[in-house]
Every structure is written in structure tokens, then in C-alpha cells.
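Presented below are the structures under discussion, each in the form of C-alpha cells.
First chain A sits with chain B, and in the next complex the same chain sits with chain C.
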Partner chain A sequence: MTDLRDTILDSMRQVALISDCTLVDDIDDDTVLLQSGLDSLGFAMLVAQLEEEFNVDPFSEMELAVYPRTLGEFVSVYQSALQPSE
Partner chain B sequence: MNSLLARIQTYSGPAVVTHDGRTISYETLKANASSLRETYRNAAMDSDDGLSGSEAITDLAHFVTTLLALESVAEQITFTPDALSYELPSNVSRSTIATTWFIQTSGTTGNPKRIAHTTSSICSAIQIKPHLSELRWALTYQPHRFAGLQVVLQGILSGACTIDCLRGDIADKSRQMLNEQVSALSATPSFWRQFLLTEPSHQLAFSRVSLGGEIADQPLLDALVSRYPKAKIFHIYASTEAGVGFAVSDGKAGFPEQWLETGVNGIRLRVKENILWLKPAITADTVNRNNSDEAVVHTDENGYINTQDAVSISHHRVFFKGRDNGVINVGGHKVFPEQVESVLLSAEQIALARVYSKPHKILGQIVIADVVLLAPELDEPVGEATSKTLSAKQIQMALMLHCKTHLNRADMPTKINIVPTLPLSDSGKVSRQ
Partner chain C sequence: MDKSEQTKPLVVVTGAGRGLGLAICKQCLEQGYRVVAISRTLSAELKGLQESNFDDLYFEPFDLIELDDIHHLCKTIIANYGRPYGLINNAAVGFDGVLATMHNSEISSLLNINVQAPILLAKYLSRSMMLNRGGRIINVSSIIASTGFNGLSVYAASKAALEGFTRSLAREVGKANITVNCVAPGYMQTDMTESLQGEKLESVKRRSPLGKLATPDDAAAAVLYLLSQHAKSVTGTVLTVDAGSTA
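The block that comes next holds the complex of A and B.
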């Protein structure tokens, strides 16, 4: 869980650098994603980066038309998507 | 006007080399075309309703022979991938008649369209000068398409030799070019980029290099100038819809802004709302009439044709941005894939690039790029496994930062995939489908 969250946070920092966004300080599980500093384009890039990392894009397979609200929820989406293979 | 067959009467020597290496001389070509023409004429005169039919094409020599036989005898010639279809009137006489040529567009950015041409409109860009008869043209475009016909007609009407280099992959084609010592090549920028990576491209000495069908960017033009310093290098802008085009030969991308005032080759140019409109010397009315029921050409009240090519102007130069109907809509922002490709191609690590869209639930569409890296990576399979390695990841990151420097934020690719090769379409273009 911690590893997964660290990987996601790493990718967020990278995407922020690439996409000219500034992340807020002290991001934790309760941080609301749209207030993290990334916008919708930034999130599209983040999901693409994580697809490289984990070989899975949980959102393309989900019916959800919106991203999870908080980082904690975002991490658990990836956790459950990665679960069966681990 | 003289028939095409009459126009080549004085030529001799090699005219066509087929894909299996057979050389056909102008003497043989003329004799075969004349006798085939008589056969068609007699058959048409024997029938009450005229003669319509289709000649299945076996090779380039057969294609050229059939074309020369039919032109100015047939009312219509329709070019299809495997055959030439024709309609001859029953009262076919000894005098020549005006043949209408029907050619299909490749439909790279839309549905294929059937475009009508006259012999003079299709030949309007052909150059005939004595020294051009020395050239050996490599044909890498399919001859039934507009671009391929231009190469075939340029070769034949100037007395040069045209070599069929259509078979096989890029390596086969470049070997064929080396074997036949070609000295002139007309190809898409995508084809040139791949060709420059082949070994034979280093050994060939081109005297004429021509690019068309896609946007010619500055890094590619620079690479061609340095590889072939003695060649005359030009990039051609052609609008199939308008049936005309112009060539730029100053080695720079785009064309001089001045041409918007002065016109070029009798073509008048205008930019309206970032779209290039042009008015050919033959009026758009003629083109529309020729297309009869298919009104494919959009003309304004002054006779200018909408090319659907988006342009931007900077430093007194007009640059092509891409096809207006090929834009990717990222959350309401229009992205030209051609422009993103050109930025990626300006990165030193990249040999080829393809930019396309992917549906996205929130943004509507997102921009995806596939890139082929320059050697040595090109020799090794760069698949799923290696893209996970640190170096591939670093390259992706570097490319993203390169894009960030040169593109608006919303134009940036969401993802850059490193792929081993990029296939070209039949018309030699990178497919964005």
C-alpha cells in the first residue's frame, strides 16, 4: 500500500513537472485530487504514466465518468485493479 | 494538343524498369502503345455503342503502355489499383479527343474522393528540359494515384527512365534503388525519414530530391541538404481537390509570405481564418463541372478553393500546421497532430513519429504519440519489456520536457510510446487512424 502510494506520488510529481502544474504541500490520503494542483489534463497524463508503470488503466475499464475524489480513493482503485495478479 | 504518345516520339533509350529488373526502351514502349491503340480503335469502330472495358495491369511497363495507348483515344480513363478502365466512343476518329482522367484520392484524412482531370491539368507541373532526360526516377508511389502518376508522367514526358521500386519493405526498396542507380526520388517526408536510415541511402547520389503529400519540416530538409549536397531539393504542395500545386526550392519549410500577394505558378493564394485558400489558373468552375455530380470542391465567391490546410505565419513565412479536418479535440482545445509530430521529430533522439487521438471520458480526446528512436535503439526490439528500463523511461521523460518547451500545454502528448517501427500507408504517409 505504501509502495503503491509512493509510486503514485512520484508519478504525480513527474507529471506536475511535465505539465506545468504545482502540487500542494503535504499531500495525504484525504487530499482532494482536484485540489492537489493537477488539473484534468494532468490527471490524464498521470493515468497514462501509471499505465506504463503497472500495465493497467483501471479507469478505461470502469463505468465511472469521474476520477475518485481523494488520493486515498485513487490509490485504492489501483490497489484493487492490481490485486488479482498479485 | 498533341497526344502523350506523340509528345515522346523523339525519345530513345531506357524508359521503364519493371520490378523484376526488365528494362523497356522508348522504342519498344512507343511501338507497343501504337499497336495497342490501333487495337482499341478498331474494336471501338466495330461496335455501335463504343467500347468500354478494363485492362488488368501486370507491371509498370504495361501500365505506361496502356496509358499511352488510351490517352487522347478514350473519353475517360479511370485509375484503380489493378486496372485501367476506359470508355471509347464508337465514332473514334484519327484526330485526338480530350480524355478525362478519373483518379481517386487516398482519403488519408477523410473519405476517398474521385477527382476528374484533363490531360493538361494533370501534366501542369511536369517539367521538360533536355538535362532531365538523364535522370533515373525511382517510383515508390502507386502509379494509379495522383502522386505516382506525377512521377510516371515526369519520367516519360521528359525522356527519363522510371524504375519500379514499389515492392517490399523500405530495405527492399532502397536496395532496388541502389541496384538501379536511381538519381531522382519523389516521396513523402515519412518515406524519406525511413529511407535516410537505410544503408543504400548513404551510397546513392541524388540529383533531384522531392517531397510531397505531407508537411516537410525543417530538420528533414536540413538532413537532406547535408546528405545530398549536390541535389536540387524541393518540397511540393499539392491540392488534389484543386488539381494544382507549387514547389518550394529554397530549402526552407513553408513558403514565402510574399506569395500571398504575388501568387505562384499562376495560382493565387489567400489565408482566411488560418486556412489556406487558393485560386488555380484554370477556374474552379471547370473543376466542378468535371466532377459533375460530386461537388467536392468548396469555392468562395471569388473563385478561391478551400484547401482545408491550416497555416500560421511567422518571420515572413507561411507554415503548414495540418489538415483542418484532422484536428484532435482535447477538452475543447484544437490540436494539430502534424504539429506535435514536427516538434517530436525535432528532438535528436527521434527518427519517426506518429501522433493520434484516443477517446477519453473527461477530456473527449487525448493526444498519444508513437515514436521510433534513432539507431542504435532501432536495431533492437524496443517493446513492452525495454520501455520499462530506466533508459527508455528517461528518454520518454526527456521527450516530454522537449514537448513542454515547444508546445502549448494542451498540445502535449499525454503519452509517448516507444515503438520498433511505424508502418506507412499505401500512399507513403504515416497513418493516424
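The block that comes next holds the complex of A and C.
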């Protein structure tokens, strides 16, 4: 979980750089994504970046359109998608 | 060299087997792009083009009615050939007939192929363009989007939808240096318009200021302009290529 969160945070930093956004300091699990400093296009780029990294886009694979509100929820969505299926 | 490490910009063209799509592929290759040619089947013409451009033209068989598989198609393209620079949404079907007697399944498949498939391709391929901080999406519309034509109401609805999509998407992805435009050809002599024959065809020619129809090569040249760096400041617009028919 920590590794995954670190990878996601790294990707957020990379995307912030290329999308001219500035991330807020002290991002934690309770940080509301839309207040993290990335704009909506930045989040699209983050999902694209993570898809290249993990070869998965959990939001396309969901049955319903549900979007996480906080970083913790965002990490959980990726964690569920990356768990090996039983 | 691995195909995904090539330096020539990669352009994805749908409906590449015939007509305008084939002309776009030819001109892209002539101008130094690599091409992913998407078509249901490998036409003899596309096969010929592939044989003479083995390193730069990659054929991906796909039927765009399979909407649920478009995400996988896009992932495959990116994995095998790299992030695309351009997407040309050219594939379309043009069933004609009176709306009142058109089968619901035909209405539905036309809207899926002409509207939803290009939207999904743009969704998944624009992501790569965002990461590259630049790209081109060109949707092939038709003058029928803004004029009327007896028997093509559903086709017209699909093309008008693409033009609306183009304008709003241009606003959405402009910040990522991606342009989104339409090319709206007039009547061209392709397999798709073969039902337009005889006096009807002569009448269309006669009414155009240039006294002829625009050709697929004319419309492809407009697509190539929008792909080029010369069009870097053009977005959210419709470029009409119709020998003046709608002037």
C-alpha cells in the first residue's frame, strides 16, 4: 500500500510538472483530490500515466461511474484493481 | 529498432481500407508519418500500400462496432507502436433510407460507429497525447452536418454530433497543446457514395462553383494540413472541402 501510494504521489508530481500545476504541501490520505493542486486535466494525465505504469485503468473497468474523493480512496481503487484475481 | 521507439510521429487512421481513409494513409506516409491503419479487413489497396511501406504502416484489423474492445485496441496500439501524435477518426457508415422505415438496429449501429467509436478512440488516445504535451485529433465530418439531404437524417445527426464534440473537446484539451478539428468533405466519388449516380450526381457537380466534385485526395490534403505544424494555432474548427458546393 505504501509503495503504491508512493508511486501514485511520484506520478502526481511528474504530472504537476508537465501540466503547469503546483501540488499543495503535505498531501496525505485525507487530502481531497480536487484540492491537491492538480486540475481535472491533470487528473486525466495522472490516470494515463498510471495506466502506462501498471497497465490498468480501474475507472474504465468499473461497472459504475464512481470517482474517489480523497487520495486514500484513489489509492484504494488502484489497490483493488492491482490485486491478483482469485 | 523497436517500432515504439521510432522517431517519426505516429498517426492512427480509422476506415483506412478504402476511399478517404486510404488517401489519408498514403499522404501521411509521403509526408513522413508512421501510420496505424485500422479497418475491418485488409483491402487489396491497403495491402499494396503496406507492402511498399513495411516499416511505417501497421495494419490493425478491428470493427469499430465492438465498442467494449476499443480500450484494449488503444492499449495495444500504444504498447506496440508508441504514443500516437495524431488520431484521424475517418471510419463511418452511411446507410441511407427514410427514417420512418429505417430499422432501429441500423440507427443504433450507425450512431455507435459514427459517434461513440470516435469519442472512445479520442478518450483513450488523447491520454497519450496529453503525456506527450501535444497532439492532433481530426474528425471527418461531412457537409451533411450543416446542410440537409433527403434520406440521410441519421447520418447527418452523427456528423453534427462529431462537430459539436470537436468544439468542446478542443476547449478541454487545448491546455495540453492538443488540437481538435473537423474536415467536412462534400460529395466525393468513393464506395460510400456509389448510390449517388446519374442525373443526381451530375446535378451535384453542376451546382458546385468549380463544376466538379472534391476528390478524396483533396480532403486528405486538408487532413494533412491540420496534422502539420502549420496548423498549430487552428483548433475547434471545421474545414470544408466541397469544391464550393455549400458556398
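The definition used in the following text is that the second predicted complex is superposed on the first by the 80 of 86 C-alpha atoms of A that agree within 3 Å, B and C clash if a C-alpha of one lies under 4 Å from a C-alpha of the other, contacts with A are read in each partner's own complex, and residues count from 1 in each chain.
In the analysis below, a contact is a pair of C-beta atoms (placed from the backbone, for glycine too) under 8 Å apart; a residue touches a chain by one contact, two chains touch by 3 or more.
Here the structure is a predicted model, which means the values were calculated and not measured.
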item	value
Partner chain in contact with A:Asp26 - chain B first, chain C second, else both or neither	neither
Touching partner for A:Asp57 - first (chain B), second (chain C), both, neither	second
Touching partner for A:Ile18 - first (chain B), second (chain C), both, neither	both
More chain A residues in contact [chain B versus chain C]	B
Partner chain in contact with A:Asp3 - chain B first, chain C second, else both or neither	neither
Shared chain A surface residues [contacts with chain B and with chain C]	18-19, 41, 44-45, 48-49, 51-52, 55
Contact footprint of chain C on chain A as seen in their complex	18-19, 41, 44-45, 47-49, 51-52, 55, 57, 60
Touching residues (chain side chain A, partner chain B) in the complex	14, 17-20, 40-41, 43-45, 48-49, 51-52, 55, 59, 64-67
Residue ranges of chain B in contact with chain A within the complex	330-331, 360-363, 366, 384, 387-388, 393, 396-397, 400-401, 404, 409-410, 412, 414-415
Chain A partner contacts - residues on chain C that touch it in the complex	71, 75, 78, 127-128, 130-131, 133, 172-173, 175-176
